[in-house]
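These notes concern the structure reproduced below.
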Amino acid sequence: MSTSKTPIKLTPLHSITQRLGVTFTEEQGWRIPEVYTTEEDEITAARERVVLADETPNGKLLLEGDHAESVLMDALDLDPLQVNEGRDGIYCLRNDLFFITTPPGREVRAQKKLTTVSAASEQFVTVTEVTHGRAEIRVIGPASQELLSKVCGLDFHPAAFPNETAKQSSLAKTTQLIIRRDIGELPAFSIIGTQSLGVYVWDTLIEAGREFGVVPIGRAALAELIKG
Amino acid sequence: MRTEHDILITPNRLHPKGGEVIDRTTTIRFTFDGVEYTAHPGDTVASALTAAGVQVLSRSFKYHRPRGLLCCSGHCPNCLVQIGDEPNVRACTRPVEAGMEVRAQNVWPSLNRDLLSLTQLGSRFMPVGFYYKTFIRPQKLWPLYEHTLRHIAGLGEVHIDTPLGEFDKQYLHTDVVVAGGGPAGIGAALAAAEAGAQVLLFDENPTLGGHLRFTVPMDSSSPPEASKNLPELLEAVNHQPNITVFTDTSVLGWYQDHWLCAVKGTRLFKIRTKSVIVATGAYEVPLIFDNNDLPGVMLGSAVQRLVHLFGVLPGKQVVIVTANEDGWDVAADLQSLGVNVGAIVEERESNACSSPYRDGLINAGVPVFYRHIIVEALGSNAVRGAKITRIDEHGEISPKTTQSLHCDLIVTSMGWTPATELAYMAGGKSEYNEERAEIIPVSTPPGIYVVGRASGTHALDSQIAEAQQIGTAAAAFVGFGEVDGLTAHSPDISKPRRTSERVCVPGNKKRFVCYCEDVTDEDVQTAIAEGYDSIELLKRYSTISMGPCQGAMCSMNTIHLCAHANSSTIQETGTTTARPPTTPVTLGALAGQNMEPVQTTPIHQWHLDHGADMMVAGFWLRPNHYGDPASEAMGVRERAGLIDVSPLGKLQLTGPGVPELLERIYTNQWKNLPVGRVRYGVMCNDEGVVLNDGVCAHLNDETWYMTTTSTGATPIFEWLQWWLQSGWGEGIHLTDLTDAYSAFNLAGPQSRAVLEKLTDRNLTNKAFPYMRVRSAKVADVPCRLLRIGFTGELSYEVHCPSAYALHIWEALMDAGREFGIAPFGVEAQRILRLEKAHIIVGQDTDAMSDPLSANMAWAVKLDKPDFLGKPSLMRISTEGPKQLLVGFKMVDSDVVPDEGLQIVEPDADGRLTITGWVTSSRFSPTLAEAIGLCWLPPELASQDGAPFTIRIDGNLVEARVHHDAFYDPDGERLRM
Amino acid sequence: MWRSHELKKRYDVVIIGGGAHGLACAYYLAEEHGITDVAILEKSYIGAGGSGRNTAIVRSNYLTPEGVRFYDESVKLYEQLSDDLNFNVMFSQRGHLTLAHTDGGVNTMRRRAEVNQIEGVDSRLIWPDEIKRLCPYLDVSDHPRYPILAALYHPPGGIIRHDAVVWGYAHQADVRGAHIHQNTEVTGIKVKKGKVTGVETTRGRIKTGTVLNATAGWASTITTMVDIKLPLTTIPLQACVTEPLKPFLDVVVVSGSLHVYISQTDRGELVMGASVDPFSSYSMAGSLTFLEGIAGHVLELFPALSNVRILRQWAGICEMPPDYSPIMGFTPVNGFLIDVGWGTYGFKASPIAGKTLAELIATDKTPDLIAPFRLSRFEENDLVGEKGAASVGH
Amino acid sequence: MLLLTCPNCGNRNVSEFRFGGELSSRPKDPSALSSTEWANYLYMRNNVMDAQTEWWHHNAGCGLWFLAERHTRTNEVIKTYPYAKRNA
């Protein structure tokens, strides 16, 4: 006996974006901000300065096990190289632990495929969906490295942190997974960490980014940037 | 048309010349002790005040003697002032801002009439360490003495309403850091950058160039125009993309593995580099003679800074006291500006002087006194003259030859000491170079280099040559190009020596070694004679070098005096430890942006919107109550309540090896737990101390779902990761799902009725008994339901994927409205669990409590082969616990004893012995009486109803042991 | 103040470690037991170790009755020490505040207050209004992260001139005949048939039947010379000092959960310390992490201090036992005695530690006051209850 | 700040790690130990001023527990390696 309201998924940043009087939209069952000010201003800010985007809805899976790599290859019929280079959202966090990120909604299919393959492989591999457990804040723009180097001790110089690499480190005194996935020419870093710290990390990045004129951007501007 | 007030009519401002850093076209105003002064943008507070003829800037710490500019480079204490809310500001490096309110520090009633200077009258009774030998008896008067001492001491003030200010930090990563942007630093940076290394070049001044900005470089090989190097060097730096320049930035310290810290105003830089080149130059060493601290006695480099950078002349009639070419350099500088150089008092023989300006000065009629030295600065608040004497063939002064010279400025240029603290922090070793009379670095660890005056090289051409070599070596060290073996560094002997061995001229008045602490050379002799003869003991006893200058002005002189007094060499005397920061740094810059992690549940906003009073629990913010915890508790007992328990630790364990692991980490049985069942477990460490407790559910064949306390979530996750990765991990995977699921405990007799409205799952006792776990759709969302009861009522813990948290919480609240549901917080939960006598790990137990003593013996299965803590628990079980945790009620049921009160037994004469303490206590709204848990001796705790006394506000109040749960001891309500 | 002597071939008692504990023991051996044939061996200058590096706080508001009794005796000795040593150690009993920021913290402070009062030590729980009166610069507002809920107020607590205690005891021990040997490092301890017979040093060999290990930080390196392992881990403890300021902080302020100690010296400097380093080490280099951490926490308590400048930082090393209590007295090797395990609380116990160990050496019996701190307690699983408060009660 | 090499993630600031204490493996069969031997395992430490093998946890990174050999006086880290390779 279900109630009238169909369930809607909210990101941990929902309450603070709501306070900014933002227009929301829905995508894959998630209520996400469509635009904060205007699409043009948000795109300009991303291209010229630095912006933050709430990408919590991206699907997230963990694949754990000594034989995780072989299961992953069978499941996604990829050759070994790609697995370790972090192509198509697959990142090796440890030789027995892989992090897989998919566009919003596609994690269910990916999890099913991985589960069936790992069962068939008789290898002891655990597939866990952790989308709900993580907040994902994407820092986009030419000033993103400088902003991040105010809150994280990693070297963000392109030579030390090239595109499509994932590093787990301490950011604003919290444990975060940092994945660099540029959008065209724009450097972009996904900050993925436990969702109960989402508001704290967002507020800390906004404060640290004030000198660069950081602003949040919504779904519309982000989609436009990705189209390029 | 320049109006009247554009032309500065101040006595000491020179007409404009090249190289100035001030903007003469505009004027800004500021006040000093209430009097208004003018300045140009670029002026420092000190340069502006000196321009206006102000000489006394502060009063000394102990004797309150007048003090004026000495070093003009931010190293000595003499120009410390208060600027608004900021204490202890170095006036000689702080640029003037319009409307600044500058005030002298630690003076009463005023800077120019400071009555505290009367302390000098008693100076006979205030030798070094006098406070250790006085005020001893009578003991009860010491607080009074101390009160006066405290109020005479201290410099700047902290105003209680000072705002916190904006500070932040930045990490930097590079190949080579060059500390010091003088000619040597720039040269080294250019060489390293040319070899391909990334270089960060730091300089504490507003512009690069170091001493080139204000001195005509002393270079016997090429004529004065060598100073044209500065523009060339700056040009080269600007065009070198591999160099990033940071001016107004001090490198504060070197830490392990080339980790550096630097500060620029309100920003702190934290730098990981592979190599460090120390090019921080040298401090000019003051000479010690009678009244050497008189305003108007200045170092040569200080006068050159004022003249060339700010166009300010600190005196009209000058006496130069020197032992090196720098003194002649300053004389030539001042002479060329039309200043009357009254005399050059040269310590050396005439044939030892090789200054290129000597003949020019002598021809211009400047009197030169060879083999002479100053013995006294004349004047009370400022220099009026100088007394000089001949030096006889034994190097001693001959008082008979004393003569007085009239002057208003005494410039001393007696020598230098390398400013190499950074290299010594990094492990560099130093030696006293007899020939150079300077303590020079002789060895540095890999990746650390010293160049320029910091390594004892004063001649510009030698500095630039060395810098080229060192820069290339540093680049090679980090992997750019190679260099054939770097020749061990030794100062260039061919160039003239710059430092005299004479540091102190005897006299009969006060001669100051340490300006910050007013320590005289006599004090040093006295201290050493009293047994404080090592350089470290001397420092601690006399407090030499423990003030704001941290030894920049006094370390070298102190080592000389200490060696002399002990008749040992300077090398044997040694130096004190170099410690960060090299220059004082504000707490605000060190703290940076406030980053204190705070965790909030997905429905945090709902709680705030419904009047929750939030509390801090570890890193979490949680609702303590929504206004009335007692009625919240009653609501759960009578109807239904809902609490947000999302901070609970939630760990997923998968694999065939899990049951064996649970056997080892919990104290009870887990192997036989069927799928669908939930069991409570206690975790101990090998000392048998309770670490954490919680339930663990067997979800399906190889998947288990464990909960821990909220503050235990991360520690237990790391604890389990350790056991799994150190041998017990075969066939087990562990994933932290703490934030993946939000958890709400729906508790109360109506909870089943509420939940039935939202799920098709059969909730009857038969289908879903107590201590079971079921997956179910709740309000169309797949959830996990755990039928467990911390509150003692029928209850369901609803674990839902976190993004659905608000949807589920609101659905439960809506469904429960007809049954009178209400949210309850941590406080109500504490009342409810206490009524059931459930313990809270961390409140009822501490780091010494084992489960057998903490009333959890039922959860300890000692027949298991092995588990963490078993050997210790076996011993406790055989020896019997020393204390037991047990429930109690008060005889007078309205008295609620505060948590932490002690349980005592009075002996015959009223002395109290402590036998236990109260861990939890509340007034139970359901039972309308005070209840609690406490630790008691076993013999007392084992008798139900046994009386004992709690000490409350000094009197003994009776209580009685109560064994069972206070409410529903048989647990029937849980199984409704 | 103290003379330097030649190293004699034989001494009745050899004390390793020329800090406040070792020198106090030499003083009380002579003063109270007439034992003067004593050598104090210090590898550097006296007070070079922990005695010269601590934040000089004296208090007795501990948790367990045995802890309170022990430290209270030390406070009483400190109160008359200037007179005893004829050397002003500047013991400033200005009051000591331990702040509580959580309910758990308040309960622990109440626990300590009650035990203190029962043991006759002046200590009570006070609330934000009285805290503000005692320390106006403290921020007692309810900002979310670390609200000050209450404080344990301990009036007899305060600060002292730590070097003066070392020099005072050194002088009086020297006057009574003890030989203070600086720059003399112990390199070996001779043991025959389970009994100490002598020590080897960088200046020669000494015959003796009694050796007291009164070192802090290096205790394990000395004890391994007689093949004994201790329950100790050596770990750095850092501190820093600011430029001198006019007096504004009249009490010692300590925060449990923020791990901060802060007081203002008579010369006007703020002396600040924190908890031990995050990992064990014998290095006294000090870290930037310490400065950043303590600056943030001090500003959390005293927001008005953001413009105050740090002048210097330093570090010492100390040893942390599992139950946060010292290890004193006999060991399995006859004649080899220990005064170790003083963690972050050693300096405040110098007088009473010296006095009780002097009595133990003189009488060959463990005084009751220090019986709870015997080495054998670990085998007997009778750890001291101070551990209870330490890890939980922040 | 000490640089520690996580066997999985490479060089990182020591602030990303948690110290796990000197290596002391739990006895295989605790019940075979006397209470003194058990107390020694629980409490006694070598605490050397020399090279020491110790546990570290990359808690702000990949969650790996690993061993390090570090000289406790200079903090020089000689090497770090996964627990599995302790006998290699």
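Lettered A, B, C and D in written order, each chain numbered from 1.
Convention: contacts are C-beta pairs under 8 Å (C-beta built on N, C-alpha and C of every residue); 3 or more make two chains touch, one makes a residue touch a chain.
As the structure is a computational prediction, the values presented were derived from the model and not from experiment.
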Co-neighbours of chain C and chain B - touch as defined: D
Comparison of C-D and A-D by number of C-beta pairs in contact, larger one: C-D
Geometric centre distance via CA averages, chain D-chain C, whole Å: 28
Intercentroid distance (Cα basis), chain C paired with chain A, Å: 50
CA centroid of chain A to CA centroid of chain D, Å: 34
Approximate Å spacing (C-alpha centroids) for the pair chain A, chain B: 34
Overlap residues in chain B, where contacts from two or more other chains coincide: 255-256, 259, 270, 272, 596, 598, 872, 875
Contacts with 2+ other chains: residues of chain C: 283, 285, 287-288, 381
Interface hub residues of chain A, defined as touching at least two other chains: 153, 174
Complex contacts: residues of chain A adjacent to chain B: 1-3, 5-12, 15, 18, 30, 56, 62, 64-65, 124, 126, 128, 130-134, 146, 149-155, 157, 160, 172-174, 194-197, 199-200, 204, 207-208
Residues of chain D defined as touching chain B within the complex: 1-3, 13, 18, 20, 25-26, 29-31, 33, 35, 38, 41-42, 55, 57, 59, 63-65, 75, 83
Residues on chain B engaged by chain A in the complex (per definition of touch): 168-173, 270, 272, 593, 595-602, 604-605, 620, 646-647, 652, 654-656, 731, 733, 735-741, 757-760, 777, 779-781, 801-807, 811, 814-815
Complex interface listing, chain C residues touching chain B: 1-3, 44-48, 52, 65, 79-80, 82-83, 86-88, 90-93, 101-104, 106-111, 113-115, 117-118, 136-137, 144-147, 161, 163-164, 167, 182, 242-248, 266-268, 283, 285-288, 291-292, 295-296, 298-300, 303-314, 381, 383, 385, 387-393
Residue numbers on chain B that touch chain D, as the complex places them: 255-257, 259, 272, 686-687, 714, 718, 721-722, 725-727, 866, 870-872, 874-875
